[in-house]
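The first chain written gets the first letter, and so on, giving A, B, C, D and E; residue counts start at 1 in each chain.
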Amino acid sequence: MTITENNIKQPIGEYIQNWARKHSLFVLAYGTGCGAIEIPPTMTSRYDAERFGIRGAATPRQADVLLITGYLATKSLKRVIRVYEQMQDPKYVIAFGSCTINGGMYYDSYNTINALDRYIPVDVYINGCMPRPEAVISGFVELQKQIASGNAYNATKYKENLEWYRENQKKIIKNWRMPDYNW
Amino acid sequence: MNFFDLKGLLQPLGAVKQLGKKPHTINYPYETKRTADRYRGLHYNDLEVCIGCGNCSTICQNAAIDMINIDGITAKNGDSGLRPRVDNGRCCWCALCVEVCPTGSLSLTKDYIYVTPDANAFLWTPGVSNPDAKNNISFTSDTNLSLSMYQRVPMRELDGMERVKSFAEVVLGYSEEEARAEAQRCISCGLCSNVCPDHMHIPEYINAIAQGNDNDALKIIYDNNPFPEMCGKVCTRRCEDVCAIQVRGEAVAIRWLKRYATETAPTAQKIKDIVNPIIAEPNGKTVGIIGAGPAGLTAAYYLALRGFDVTIYEAQSYAGGMTMFGIPKYRFPLDSVKKQVEYMESIGVKIKYNTKVGRDISFEEMHTAYDAIFVGIGFQKAWTLGIENEDIPGCIAAVDYLNIINRGDSFDVGKKVAVIGGGNVAIDGARVSARYGAEVTILYRRRISEMPADWEEIEGAEHEGVHIAIQTIPTRIIKGENGKVSGIEYLKAEMIADENGGRPRPVAIEGSETILECDTVIGAIGQEADYSWLPESFKAKIEIKRGMMIVTNEFNQTGDPKVFAGGDAVNKTADAISAIADGYMAVKGISKFLLGN
Amino acid sequence: MEKETTLYIGPQHPGITGNMMVKLKVTGDTISSASTHVGYLHRAFEKLIERRNWLQSFTILCRFCVPEPDPMELTYARAVEEIEGREVPERAEYIRTIVMELARIQSFMLWYGGQSGSSGLYLVGQWSVGDRNYILDLFEDLTGGRVYHMYIWPGGVRRDLPEGWKDKALKTMDYLEKRLDEYDKLMFDSTIFQKRAQGVGIIPKDKAIEWGVVGAPLRGTGIKHDVRIDEPYCAYDKLNFIVPTQEGGDVWARALVRRQEIRQSISIIRQALDKMPAGEFYNKIPNPMKWSIPAGSAWVKTESVRGEVGFYVESDGSNKPRRVHVKGAAYTHGVTVLEKILVGQNIADVSFILNSLGVCPPEIER
Amino acid sequence: MDNLQIENNILETIKTAFKVEGKVVREKRVEITAHKQLISSILLFAKNQHNYIHLNHITCVDWIEDGEFEINYIIWSPTTKNTLIIKTRISRENAQMENIDNIWDQANTYEREMREMYGIEFPGLIGEHEFILEDWDEMPPMRRDFDTLEYATKTFYQRPGREDAKDVREELTKQSGEEIPEFAKKYSREK
Amino acid sequence: MEDLAIKILGAVLTTIMAFTVGMFYGGFVRKLTARVQNRRGPVVYQNFIDLLKLQSKTTNIAHGFMHHMAPIWMIIASLTTLMFLPILNGNLWFPNISFHGDLIFLLYMMVFGSLGMALGAGQTGNPNSAIGVTRGLSQMVGFEIPFVMSLIALMIQYKTTSIQDIMIAQNESGIWNMFSNPFAFLAALFAMFGMFRYSPFDIVGAPAELASGPVSEFGGKYLGTMMTANSIFSFFKLTLYVNLFMAGAGNINDVGIVATLIAIVILLIKTFALYMVPVFYGWVSPRYRTEQAIRYFWAWPSALGLIGIVWALI
């Protein structure tokens, strides 16, 4: 039995699962960059992201969404990869602001990465430096759309192309003192 | 621990009353909060206003702005044809690009939401990506707030009534401080260089001045212009017409800055010391040049630098051509050209004075003697007015008049002078006459806005008390009792729109004859070249059309590959900088022709 | 004797302010030693500024400290003005004062959220961080930016006050004052909060200055030190305000100091809005690409929420700064001071103390 | 100059005690230039005798042209509210500076940072070598001869799609055929 | 046979009801919390969505046997405890295997779930979990004392350990225990703060301190199962309290559908009202430190419990 919505055909079980995933996004509390300053306003009373079922999760095990809130220092990148790999499928990454797209204002810094999607797969990019709460919510709405249509499968891509990602990651993280993969 | 502090334990429960309050949550995305009137969101660029100066791209500390070609926008004078594209993967919404935009075309809008899963989709061409955003502009720059400096550092000048008392230079030049301040205004876009006939390296030398390296500035200037002092004083400066700052303010005073740079080298020796030109080893090729005007001298200078053996043939007893005696002293002192020629001679340019080609030496002779010939004869003969009594005493062509005055000979202009024409030469004639205490009237066929002379000149003339009678067509000169001029009769004209869409023509009004009393009539309606030196046998190859020599390529080569030409006789614009440019291009052509590089 | 275990707080941890790590050696619930590890946010600002010219630097500088960017802008502007000898119009000084105090308030609101949230009182955080948006709205109207304002630049401020802004600001201040009373009832009147905060994270008064403690934590030990009074800048010498101090040096004293300061800030804003003269707001700088500053150096301090922010700016006469070195309060607070005062504390209080010191990791590593 | 009396007094005292150069920069700023061997004694003197008990800042400026690092110690006195800046220069080659974290504990942080960022050694400095960076094996990054853009371009991926960018000046010269001589290019617009 | 069938059916119904009610209460609390925080908050059935999502996540963590067992243990423990609790007084449909609900037995059973949790969390090796477990057990020790005291007071008062008997006694006398023995009730109420782990006693999972404490390493289905168990368990706790101190669902012995429904509604009202007490207090309280929390339980509430016992004796 399938169900069709917005021209996308899905088996009903998957449809329901996606519907639940879409409306319940646990966001990992990890402020990786400047953009973290707009997370509290998004989560609190004025913008109230909980309306969309978005709430904070304290540990990567419980989280669905990893927010990369801006630039990533190479030292942070290592932790982010670790955190990302600890998260359980299905998991999503939302990248905030210019820095994650093409380096932003730190494009010439020796300590920040430029393009996030070389190191971990990204589902949604939000424009801004930094994105306002409205933009953040738009990002979540876009993510929800992707989840509902069953297209948010970037985490699978990561597993499939792990070698490529690893190569990129190891180019920057010179001393790889991590378990090689920790699903 | 105080367990009995019931107030402290229970009072916070008062917060429960907030349950009844309406939440202040913004129900985005179902409702949207108003964005501030000066919010800095995505870029918008008014493509029509933008001139592609690229200042936004330069100020961007994130290297976020690229200048790219856009369909439908082509380069033209004062527009590079490029438009900014913002990489939103770099932009930090600081809006410095808006603050420095000289035209004010770039602004930020209230839109800020752009969400996509595609990381490569963040290249944003303002104005193309969001053509409708014009009504949504928020953060803009106006001339008061912009970081572009729209106010020119004022040039110190003699007062109008003070000027007419002598032939002292009107413009006093920038002091060092003023020059640095003025040079700082330049945004180094290079739109000016593009329209300069000679393509001088304007951004570079202005920057050198701004940084306090006047010597480097002079060196850069001498790279392709050996007459900077003249250009610094009397250039027609098309560069300033396209200056990016000029769109909303006063153009950078490029001419005055060049003048400032040249003032640091008052003698030929000083010039040589500063410019320190590298003279190539003689390459054994000889070049003959006809006419020691700007074009000829330029060609000679750069050819000499490249190791050619250069000889100039000049009919007059002095070098410099029209620039020597054709410009009044209050604009351009006489010793300037002398200094320049002295400098050129010091690096090996040979000039044969009083040697008129066609009289003292034949063109055929030259043609065989030299490996290449450059013709820079200029316009020598003034056009006649073509009206009655033109040849009587008291009626004189402006070029002749200026020549006489500048040589120091005397000419009695009388009490009242009429000048016919609207070009710079006419104004020069008028202002010189004003310095002799005459009451001067300029008769011009069209309106003031259509006068080809520089507005500064026109203004200067007006300040000095020159009256401009517009829309007047002289019909005859009135011969007085002593056989001299006593007045001029002219018709009033009205401007009739041209059916073909051209500019309006002045048409005389019947019966509107007016007589203007005057003692001297100065005709300044143009000059032409004299081609009597050119043998008929060459005229087949070297084409002359409407008094102009025709060149076949950008190197100013004529139909005869050995003969190059430049200056007024070739160039319609007929100004010194074009002549210099012609000379410079011919040097390139001759090098290519003779040396193959 | 219980076994000593190692506990890492951060970098991914809900209790950490920003992105840093505190490595704790714990015996039972008691911390026996602590060390701060930073570098997760190092963006090499000071290196990047060497590549940018004097004006371009100002856009990057505000990112030094994310929760409170304005003092950074101001300090830089003042340092440049000092080296260059550039005058600032009086109106600009008043506008700067207002911006500084608004920044202080919004940062305090965030601190309310952090301090209460780290103790489990989420309600105050929800309120104060929500209400903070009204101040950000004011900023947005004034500067065009919500968080990074890039508004105060050398020579003055970028834009004048927009129409009607003054009334809006006053209204917001009234609203805030009302709301602050409600926060107080929940936080400062609550017995449990008092119990949590009193006697925790004590900075000894006699050591405080030598340890490099500044700002509210220093005032919390009873020492009156405020750059706004010691070396007045902007329009502070023309306005009346008091610098609150508290004895004790613990989290509670620091909280009380902040509670009073936020009210002082509101009063300063009202005064400044009232006294602000008309006129120019900006002493225009020359073409930024060619703007060189005479050689020289300046050490300029500004009072931010966390304490004094100092900029050492050195110019070699070119159009780019030779060196801009930033010393934020967190540099000492977050490393040496934190490592000292955490010893002997309960692990439950780590995040609590971090918040009360106002540790801002991006300011430490820059 | 009455209002600078305190500043002048301090300057004079230190000048006479250590025979060093110095000046009063402005109100509440006194600047002293000293040889590097004098630094710790001046700091101790200022701390103990003049109550400069607060170490504000230690900063390092790289004067690569002179082959020297300039280290500035900025200390502050709560009694006079005065700031004393002590400058010293050390050679860039084998840069070494005295460790002062026995005078102020928090100097430890500054020195660790300088060791990491400039490669200045502080004999006797305790603390992990890695303070901010991790696994860094290039030249200390804050040295002026380290080119951060080059390193970033080499190490981090640059997103493609911007290759069609044109330089305005270059494009214009292409249109007009202008040839900018080499020696003038340094004055062309910065890219 | 028929009896057994009804019993099984009743058990299933009880479970469903406990689960649904528990989850909805969670949702209501979230909504109300949001409102008090001046925001809109999620939909009331948000907890169901969360659960559905958690159950549809993959779970690839393996820390050991107990780690896998912990959620199962928890859900079994909460179901078992629920089964031993009379939901509706004397109602045919919800008697469960109550043997009239033995308090002492239940007291043991209630610890059971937490114990499983503790074992599971201990095995994850996450220091946050370990500390969380320690804290949880300490806190349990803390609140168990006043709780047990108040139960002893009740047992003394009614000379029975049967919950059903206590309910019937209240209904017969018409005076709820919260009035007849207010001290015992207050002691139990304070213990309830600790049981529900709302502020100021949320020291176990304290996010700012211990990430999420014992459950740090549990995600996906495990977390979902735990959530279910918790929902059921909170319904159990509320019902237990209502049974003990507020006369259960009232004196309705009719087995008719309507009467049953009325009884359920009464039960829901009472439990919800009771639930609001720790919730309200949780909104406005910061968190205690562990030792403060324990000291707290051992002081006032224990004293009240003692008074309650004395009161009951008198």
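Please note the rule applied: contacts are C-beta pairs under 8 Å (C-beta built on N, C-alpha and C of every residue); 3 or more make two chains touch, one makes a residue touch a chain.
Keep in mind that this is a model prediction, so the values were computed, not measured.
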Chains in contact with chain B and with chain C: which ones? A, D, E
What chains touch chain A and also chain B? C, D, E
Central chain (distance from its CA mean to the mean of all protein CA atoms): C
Need the most distant chain from chain B, centre defined as the mean of C-alpha atoms. E
Roughly how far is chain C from chain D, centre to centre by C-alpha average, rounded to an integer in Å? 24
In whole angstrom, the CA-centroid distance of chain B from chain D equals 47
Quick check: how many Å separate the C-alpha centres of chain A and chain C? 30
Distance-wise, how many Å sit between the C-alpha centres of chain C and chain E, to the nearest whole number? 44
Each of the following residues of chain C touches two or more other chains, namely 13-14, 39, 42, 44, 47-48, 51, 59-60, 123, 126-127, 130, 148, 186, 190, 192, 195, 289
For chain A, which residues are shared contacts with two or more other chains? 29, 44-48, 51, 56, 58, 60, 75, 101-103, 105, 107-112, 115, 129, 132
Please output the residue numbers of chain B that touch at least 2 other chains, ranges allowed. 1, 12, 15, 23-25, 58, 61, 87, 89, 92-93, 119, 188, 207, 211
Would you please name all pairs of chains that touch? A-B, A-C, A-D, A-E, B-C, B-D, B-E, C-D, C-E
Note which residues of chain D are touching chain A in the complex, please. 133-135, 137-138, 141, 146, 148-149, 151-153, 155-159
Per the touch rule above, chain C residues touching chain D in the complex are 38-39, 42, 44, 46-48, 50-51, 82, 209-212, 223, 225, 230-231, 289, 297, 299, 301, 310, 312, 314, 322-323, 325, 327, 331-332, 335-337, 340, 365
Residue numbers on chain C that touch chain E, as the complex places them: 5-8, 13-15, 29, 116-123, 126-127, 130, 186-187, 190, 192-193, 195-196, 346-352
Enumerate the contact residues on chain B facing chain E in the complex. 1, 3, 12-13, 15-16, 18-19, 21, 23-25, 27
In their shared complex, chain D is touched by residues of chain A numbered 74-75, 78, 101-103, 107-115, 118, 168, 171-175
